[in-house]
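As structure tokens, here come the structures.
One chain, chain A, links the two complexes that follow: it is found with chain B in the first and with chain C in the second.
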Partner chain A sequence: MTLLELVVALPLVAMLLAGLSTMFFLLLHSCWADISDLELQQQLRLAAVAVTQDMMYADRAKIEEDGISLWTRSQSSLPRQIVYRVRDPGGKAILTKNNQPLTGGSIYGDIRIVKFQCRKFNEKTIVLELGGRNAFTGKILVIETAAVLENKRSGGGADE
Partner chain B sequence: MNEHGFASVLGLCLLLLMACLSAAVIGIAQKERVAVDGFAAGLQAQSYAESGAEKALASLDAQILKEVQSAGKPVCIMSLPTEENAPLKSCQIYLAFDGDSYVLMAVSCVADRKGQVFVHFQPTKDGLKIGKWER
Partner chain C sequence: MSEKGFFLLETIVLGAVLLAGISVLGAYTAGRQVALASQDKMTAAFLAQKYLACRQGEIAMLPAGAYPDKIIVTSVQRNNRDFYVETSLCPAAPGLMKIEVVVRWLPQGKQQQLTLSRLVRSDG
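Right, the complex of A and B next:
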């Protein structure tokens, strides 16, 4: 290989490598963003399912400013309180169930709750709006669902 | 053809191959992005349909049931375009009488994704006896 060939070949190889590495990192970022947004969806879906399932089996519900309290009956027939709250540890809002985190950061993403709103639709139906933001991509997703307090038929209900 | 010419052609072919690969990979990444956004809209649509179905079930009364039974075809009993989200989010709820039971169908649309829920129920003297939910 002559010096001239080397002079021509080296920049070409460098350009090729730069292009390839840019492509690789863009792709890596894109993959992580996708996974992270899927994590946002999963966390919100599971949290919404948990809240609505507990609502369905609740005797009574009390809607509060930053959450909801539900009273259900355990196997021993003793009333049990379930409290869903949005907590803000270090500026990262998470949803908790009896102080245990339901959403939050994981290896896939940093999910922050931006909306947790319960409102009465009627005496036994509560509409839930749950919104989250993926801190990695900035994507915000809000889902709305509703649940009927099935046990309302035998007393209890939703209070505000 | 001498050896130097061959190396140059080979180098160009390699560059072309790399360019094609890059374009393909970027295309795939973009499609994945669209798919993830689509999943999100699908999730919103599905939960909105369930929300609509619950709201409709909670609003049903004997008068509506009677009207649907006499109509003999599915009737739109509720339409839910919420003020702040319309027209990006909408949900229509239809009710049909099916012999001895009723079928409630909630169809929602969020962005370009649709969600739907079918709920089978029977009215009883204590309220509604909810059967299966089909999603």
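Right, the complex of A and C next:
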């Protein structure tokens, strides 16, 4: 190999390697972003299922500005209160159930709650809108669902 | 070795490297589509539950003798996707009604649909 060949070949190899490594890191970043968005989807799904399940077994519900309180009966027939609230620790809004976090940051992403709204459809039905934002990708996802208070007959219902 | 041109081995290695690159990109694209499809399906499932619950609540609160609308068709936009929702009611047995919710959406021009149904007491 002559010096001229080396002078021509080295920049070509360098350019090729630079292109390949850029592609690799872009792909890696996109993969990570997708995993992070999936985390957002899963956290919102689990939170929405938890809230609607508790609504379905609630005797009474009280809709508040930043959450909802539900009263259910445990096996011992003692009324039990379940409180869902949006808390804002350090500007990162999370959804809590009886002060325990349901959503939030994990190794996959930093998930913040941007919307938690309950409204009465009628005396027995509550509509829930739950929105989250992935701080890593900026993606916003909103879930809208509803639940019927099946135990309304035992007294109570949805209050605002 | 003194002849000019590529060896078979070199060609095979280059082919394998190119194939690996294309496979990685293909797998990534497919994974992304699956993730988007799962997001649409989740949104549709929760929407279907919403309309199911609303219809059930509506039936439960109806005054005696009143009869709810049989079919309601509506469209909603959620998470950058248009969903078409059709809810229908039909008597299933004495004292029982069947609520059926069909949610349709069109990802990349190909129609997808999800159907949920529930039996409820028609006397509230």
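The criterion applied here is as follows: the second predicted complex is superposed on the first by the 160 of 160 C-alpha atoms of A that agree within 3 Å, B and C clash if a C-alpha of one lies under 4 Å from a C-alpha of the other, contacts with A are read in each partner's own complex, and residues count from 1 in each chain.
FYI, a residue touches a chain if its C-beta (ideal position, glycine included) is under 8 Å from a C-beta of that chain, and two chains touch if they have at least 3 such contacts.
All of these numbers come straight from a predicted model, not from anything done at the bench.
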Superposition on chain A - do chain B and chain C clash or fit: clash
Contacts of A:L12 with chain B and chain C, given as first, second, both or neither: first
Most chain A residues touched (candidates chain B, chain C): B
First (chain B), second (chain C), both or neither touched by A:D37: both
Touching partner for A:L46 - first (chain B), second (chain C), both, neither: neither
Partner chain in contact with A:L26 - chain B first, chain C second, else both or neither: first
Shared chain A surface residues [contacts with chain B and with chain C]: 27, 30-31, 34, 37-38, 41, 45, 48, 121-122, 124-125, 127, 141-148
Chain B to chain A touching residues, read off their complex: 11, 14-15, 18, 22, 25-26, 29, 32-33, 36-37, 39-40, 43-44, 47-48, 50-52, 54-55, 57-59, 126-127
Interfacial residue positions of chain C with respect to chain A in the complex: 24-25, 28, 31-32, 35, 38-39, 42-43, 46-47, 49-51, 53-54, 56-58, 60-61, 76, 78-79
Parts of chain A lying in touch with chain C, wherever the complex brings them together: 27, 30-31, 34, 37-38, 41, 45, 48, 52, 121-125, 127, 141-148, 152
Chain A residues within the chain B interface of the complex: 9, 12, 16, 19-20, 23, 26-27, 30-31, 33-34, 37-38, 40-41, 44-45, 48, 121-122, 124-125, 127, 139, 141-148, 153
